[in-house]
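The next part holds the structures, each set out as structure tokens.
One chain, chain A, links the two complexes that follow: it is found with chain B in the first and with chain C in the second.
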Partner chain A sequence: MPRVSGTKTGRNAELGLLALAMIIVAIYAAIVESNQLDKVTSTFWVPAALLSALFLGLHTVVRFVAPYADPVLIPAVALLNGLGIGFLRRLDIGDALGKKLDPPGIFGGLGGRQLAWTLISLILASVLLVIIRDHKVVSRYAYTLGLAGIVLVMIPAILPASISEINGARLWIRVGPLSLQPGEFAKIALVSFFAYYLVRKREVLSLASRRFLGLDFPRGRDLGPVVTVWLLSLLVLVFEKDLGTALLYFGLFVVTLYVATERASWLIIGLLLFFGGVYVAYLLGAAIGGPFANFYDRASVWLHPFDQENYFREFGSSYQLVQSLLGLGTGGLFGSGPGNGSPRFVPEVQTDFIFAGMGEEIGLFGLSALLVCYLLIVERGLRAALGVRDSFGKLVAGGLAFTLGLQVFVILGGITGLIPLTGQTTPFLSAGGSSLMANWLLIAMLLRISDASRSPVTGGPANQPGPKQPPVQLHGAMTEVIKP
Partner chain B sequence: MPEFVLTVARFGFLILLWIFVFTVVGVIRKDLFAGVRTKSIVATPRGVGGVMAPGRPAAKAKRGKTARQLVVTAGQLAGTRITLGEAPITIGRAEDSTLVITDDFASARHARLVPREGQWFVEDLGSTNGTYLDRGKVSGPTPVPLGVPIRIGRTSLELRP
Partner chain C sequence: MNAPLRKAGVVIMVLFALLFANLNWVQAYRADKYRNSDWNSRVQVAEYEVPRGTIEADGKALAESKLTDDALKYLRTYPEKQMYAPVIGYKPVNLGEVGIERSEDEFLSGASDKLFADRVSSMFTGDQPGGGNIVLTLKTKAQEVAWKQMTNNERGAEKGSAIALDPRTGAVQAMVSMPSYDPNPLASHTTKSAAAAYDKLIKDKDNPLLNRSVAETYPPGSTFKVIVSAAALRDGMSQNDEIEAGGSYTAPGSGAPIHNAESETCASSQVTLKEALTTSCNTGYAQLGVKLGADKVKKEAQAWGFEQDDLTVGNLDGSGLPVATSRTGAMQNADGSTDQAALAQSSIGQKDVRMTVMEGALMAATVANGGKQMRPYLVQQELNADRRPIYNASPKTLRTPIDGTIANDLKEMMVSVVENGTGRRARIDGFTVGGKTGTAQNGPNANPHAWFVGFAYNDKGEAVSAACVMLENADGSSVSGEAARIAGLIMKAAAGGGGD
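Let's turn to the complex of A and B:
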């Protein structure tokens, strides 16, 4: 694509920010080692340098295939990803010290595995950017993607529990040592499908409506797809025992619907349906148990985490949540310093509770910086949605950005006790390949759309020869009155 | 390691995190508030084209400047801005249009904006419901002054400097 002179691509800014992010990651590693080992080893910089090389690779790919992509997305995500790896390595060192062993090598342990997953994720993201040169192409496969998304969500519910169940939630496909979380990938497929469906249907949804209590309510028959998705997400909730995923998919659909139709009534209907459904599930769990019992337990753990009964329960106790709250409390405003806390008190600190572990060490001050990074990533996604020139792109970018934000809210709300705890990964920080790959693919899609939205218009099929004659009619041209 | 160094490192790291955040905000500051541009910023500075009379329409004051952006001011794509280059811009429902409008009143290939010697011309491509420049229907290539709305179905577009 030929460059138009005078338009900034922002690529150099991206490179600069990326360098700053990697310096921060290296410094984090150095502080961790000095706190834990009482010295800085000569190889502390190696993970940061490897990451820099990986991100430099992605940056180069973006320079060639998406030159106008948003300059902020990659550095912000790189910082989160890098600090995630740094924290996992900190856990490795801590575990090794606890067993009086030498710390594992750069490629060993959780940190090393996460480094490998990052490599794979970045390759996938680059491939997506190279293959999909125009995001509108995706809309051709919308129904295929929609079907694939539903199948991906449903697979763990159908598979026997021995393959799909980990810690009481059926979200996985376990093959030997590898475990995949197909639901993570379903997000992107479902967003594309919803966007395509709503671009087609939005006239009907936004024009045919009844006014009631000052709000425009859609007709009953137009509610069909929303109710279907609602039921589907409640089924996920009941059979996979996962409130977070259900909330994620339902919120995603309601918000794309809201963006497409510009009607606040959808948001209200959506929230009422969701909270109504959850409340009924809670009451059912209290009354009859059965498939709803797990949900009732989680809600009561959330409401009374410090209750003796909840704390000492055999299965699904509030121990994890209490440890997370205590950890965050110990960290206080500025934290105990990277490498100085005791994150291993919190079970699953490497995945779902990584924010609790990091929060203990970097404190509220550091955590809010990370949260602002997430906020900026979401903002850039919404900005790309505003700027792009076709409705499908708008809905996809808006939906993906919102999903990322909602996922951070769901897990962070869970570990801080704001909402019932659900098993969601923290995007880019948590250990785990599926989450990292899916979220990097999501970022690649946002990069692609932001490239389309920021690039100046050049060439393309619009470049037909114009009429040779100079225009005769000057209709509408302004006449200027020159005053003495 | 001395305690002092560790404390400095601990707080230095937190400050560095925030420096990163503010650098990022600095990079995107320009279009963070791009949506809230007021009329007064767009208007010609005083002394460029003589003293401006109060109440003079902004569109007249801006004549003679080149258009750099096409902004969608109303309709489903409202808020979208296209940085203008040398190439023509097609508007319509067809997927390969520069600006893809999903509007019941728009045709597949509805209208086209063509630059000629620094001036943009709007041209209707035989649409069913017509293209309007301000209030007049466009029947041939018509020059588009800055700030004058081009209406296609429920969508409204403007050239901005």
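Let's turn to the complex of A and C:
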């Protein structure tokens, strides 16, 4: 591959960081086995080695098709992904010991399945990187993606509850043993659509405004799309019974809108609308129940988890939250050590509550490290947005990175009792294919955009590995001058 | 667009800072609360991961932990069921422990500082340190006789209590409270059925969860005359001095006249103190109390352990079953002067005088031990998991209410009660038995409580046992005789059954 003197690709740094991440994953697996089985088996390193091979594959693809991509993203995500698999395998061993069986093989159980999903996810991410050599290509399919996004969001709400409802939240499509969360993929589609729409509309939205109370407010007719999305997310809230997802979509839209228009008034309007809507839904739930009752119950469970009535409630009890808090508290500062805790006391510990299960064993210090990992990924995504030269790329990268951060906040805030609990997966850690695939696609998009942002601006055509790419600046300028 | 992007970055930083702060709140600030919370199943699983030590007496396990396949590894079982339940109590999964299970919890669970060395050594050997074992002072033969005789008493009493002590040490030889309960369902790992069993017991009107030996007080009736006799002897009287008696006595002031149990009892106007105790002369003791005055009667009772509110019986280092406070009650008028009628009634153990069965046993034990009241205790030994003794009880004197002379006088008087008086049914072959009966009124239409406090010397003149038996609301005639009979059998079993 062509090397540019003076401009570091960071690929070797990426390789080094990846190796470090995989060593941590292998050490984690060894500690788990020594604590659970009282010995380290001769095969403890196999999952870590397999993962290393997979990530090495992705790394190689990136070397060829996105050489300037951010070198921190893959190692940080790989660490989370690997530790997630390690923890799932730890659950498998624990479950097997509980039934006095031998632990399942490397490819069996939750851990094995997650390993397989990782393989598929990395293939998808590689395919995306190979096919989409320039992120701006995506803007051509913006309306298709927008429609697809809305359909993906709405499907579970339209489908009968028997297919779409798990634990009171309708976020799923269940076919036989497989269950998909289409909303996970909707994030990426919707961000791409919003970015395209806002790049086209940004001048109207930011220029035509009235000043009121020192803030610039947009004209009434320009509020249309915001109100539409606001209504959509409240519909999601009511019919899919899921505050987290609603908050996610709405936050995603408001932030891309704010970034596009640079108008703080959008943020204020958005926040007022959202929290106003939430508060009204809470009051309605208290007063009339009906479709709002579930939401009211969740808020009550959040406020008083140790309340007897909330704890022993048949549906939507605070049992999960209480168990999560007890697990986290038991872990304390340093945790009981990987493999030494009792994560199975926490229901859904392999998915939504994986952070609580891990927190019991790795403690506040370990969880803080994981938080830093997430923060790194999000900030690196935002840095890609800052660096990239076209508005569409800025909005997509910014929107995706922010959405990822927001999702982490919503689920981790939920299971630690900071905000009402809602069913979200913990990106890269939770067991489940949809979440892993969607989030790896999200990372692939960030890699693609960060490649564009970090590649040298000037220089001969030799610097551009893809001859089909037009000069970046021009292309970026083109999308910006489109008038409504 | 970079400025808002940077602000979005700041928002993410703030959100993550909130997550981090909240994690600190949950995992650091509140960690101990969550870790040890009653809601936290880990607490129980860890607690049940190692076998809790046994509670035993005479080599017989009264509470032991058995290996199960449950999530909670060891199940606490009580092979003797009701017989020892009020003493041993139980160790439930969710509720609080009771009895010796409670007072010796730290040692039984292995968390006690006394087992620190074992925990350290187990860190090197890799063995799970088990809990320590408790050896009780109880003599199983005495306990069995006491349980059998109490539950099959001839006066139809359904409630009551019996205690036997070694007067020389204070070691409890038997402690029975009836009705009792089976502690096994309460220790069930199925917390719902344990809660249901508890609920049923707590709602039982006979209150089987109450340890009537130590946790409840009753009017002592004529057994209190031992205290009044001691006050008289301390006051300079001798056992052969005569006191005012008669068929009826009405205290100065007001009050209903006091009679004797039988019309022929101490009908003559004067009887000796010894005769008065032997025949349980109410009119004599009422007048004796009035003559001595409320202060002397109250002081005497206090010297014997009345009004002590912090006594426990268990381990001599202080932990154990709390003993309720025995009280002499009010004997004053509103203006502070002595209510002579109340004093007269109190002197025969009625009015507001209330006594625990334990205090009754201590009373007899004090006389038998020459005036020295030994502190009662139940825990003879604490053994570590390998059965190496960690603690051996060394008896302690609780108080010395009377000197040897008075003790000897009281002994002679009480022996006379059993040999010539109301306590004849307490006699046992080969032993010198002394004691005092009591028939305590406790309400206009209720049957009286039957009491007997007493002691037994063997043929070598050693005080081998002191006992107190109380039958609540016993039916029929001469109910205290039934109490005396049971006490005699218990003392006989206690004296013969052990390693004395």
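The rule is simple: the second predicted complex is superposed on the first by the 453 of 484 C-alpha atoms of A that agree within 3 Å, B and C clash if a C-alpha of one lies under 4 Å from a C-alpha of the other, contacts with A are read in each partner's own complex, and residues count from 1 in each chain.
Going forward, contacts are C-beta pairs under 8 Å (C-beta built on N, C-alpha and C of every residue); 3 or more make two chains touch, one makes a residue touch a chain.
Because the structure is predicted, anything quoted here is derived from the model rather than measured.
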item	value
Touched partner set for A:Gly359, first chain B, second chain C, both or neither	second
Touching partner for A:Gly398 - first (chain B), second (chain C), both, neither	second
First, second, both or neither for A:Leu412, with chain B first and chain C second	second
Which of chain B and chain C A:Ala48 touches, first, second, both or neither	neither
First (chain B), second (chain C), both or neither touched by A:Val346	neither
Partner chain(s) touched by A:Leu386 [first = chain B, second = chain C, both, neither]	both
Touching partner for A:Leu325 - first (chain B), second (chain C), both, neither	second
Partner chain in contact with A:Leu152 - chain B first, chain C second, else both or neither	neither
On chain A, the residue positions that both chain B and chain C contact, one per complex	262, 363, 379, 386, 391, 394
Chain B - residues contacting chain A, complex	1, 5-7, 9-14, 16-21, 23-25, 27-28, 31-32, 35, 50, 53, 59-60, 63, 76-77, 79-90, 95-100, 102, 104, 112, 114, 116, 121, 123, 133-134, 136, 138-145, 148
Interfacial residue positions of chain A with respect to chain C in the complex	255, 258-260, 262, 306, 311, 322, 325-326, 328-333, 342, 345, 359, 363-364, 367-368, 371, 374-375, 378-379, 382, 385-386, 391, 394-395, 398, 401-402, 405-406, 408-409, 412-413, 416-418
Parts of chain A lying in touch with chain B, wherever the complex brings them together	4, 7, 10, 13, 17, 20-21, 23-24, 27-28, 30-31, 34-35, 38-39, 71-72, 75-76, 79, 136, 139, 199, 202-203, 262, 334-335, 337-338, 340, 362-363, 365-366, 369-370, 372-373, 376, 379-380, 383, 386-392, 394, 453-464, 466-467, 470-478, 480, 482-483
Residues of chain C defined as touching chain A within the complex	1-9, 11-13, 15-16, 18-20, 22-24, 26-28, 30-35, 37, 39-42, 45
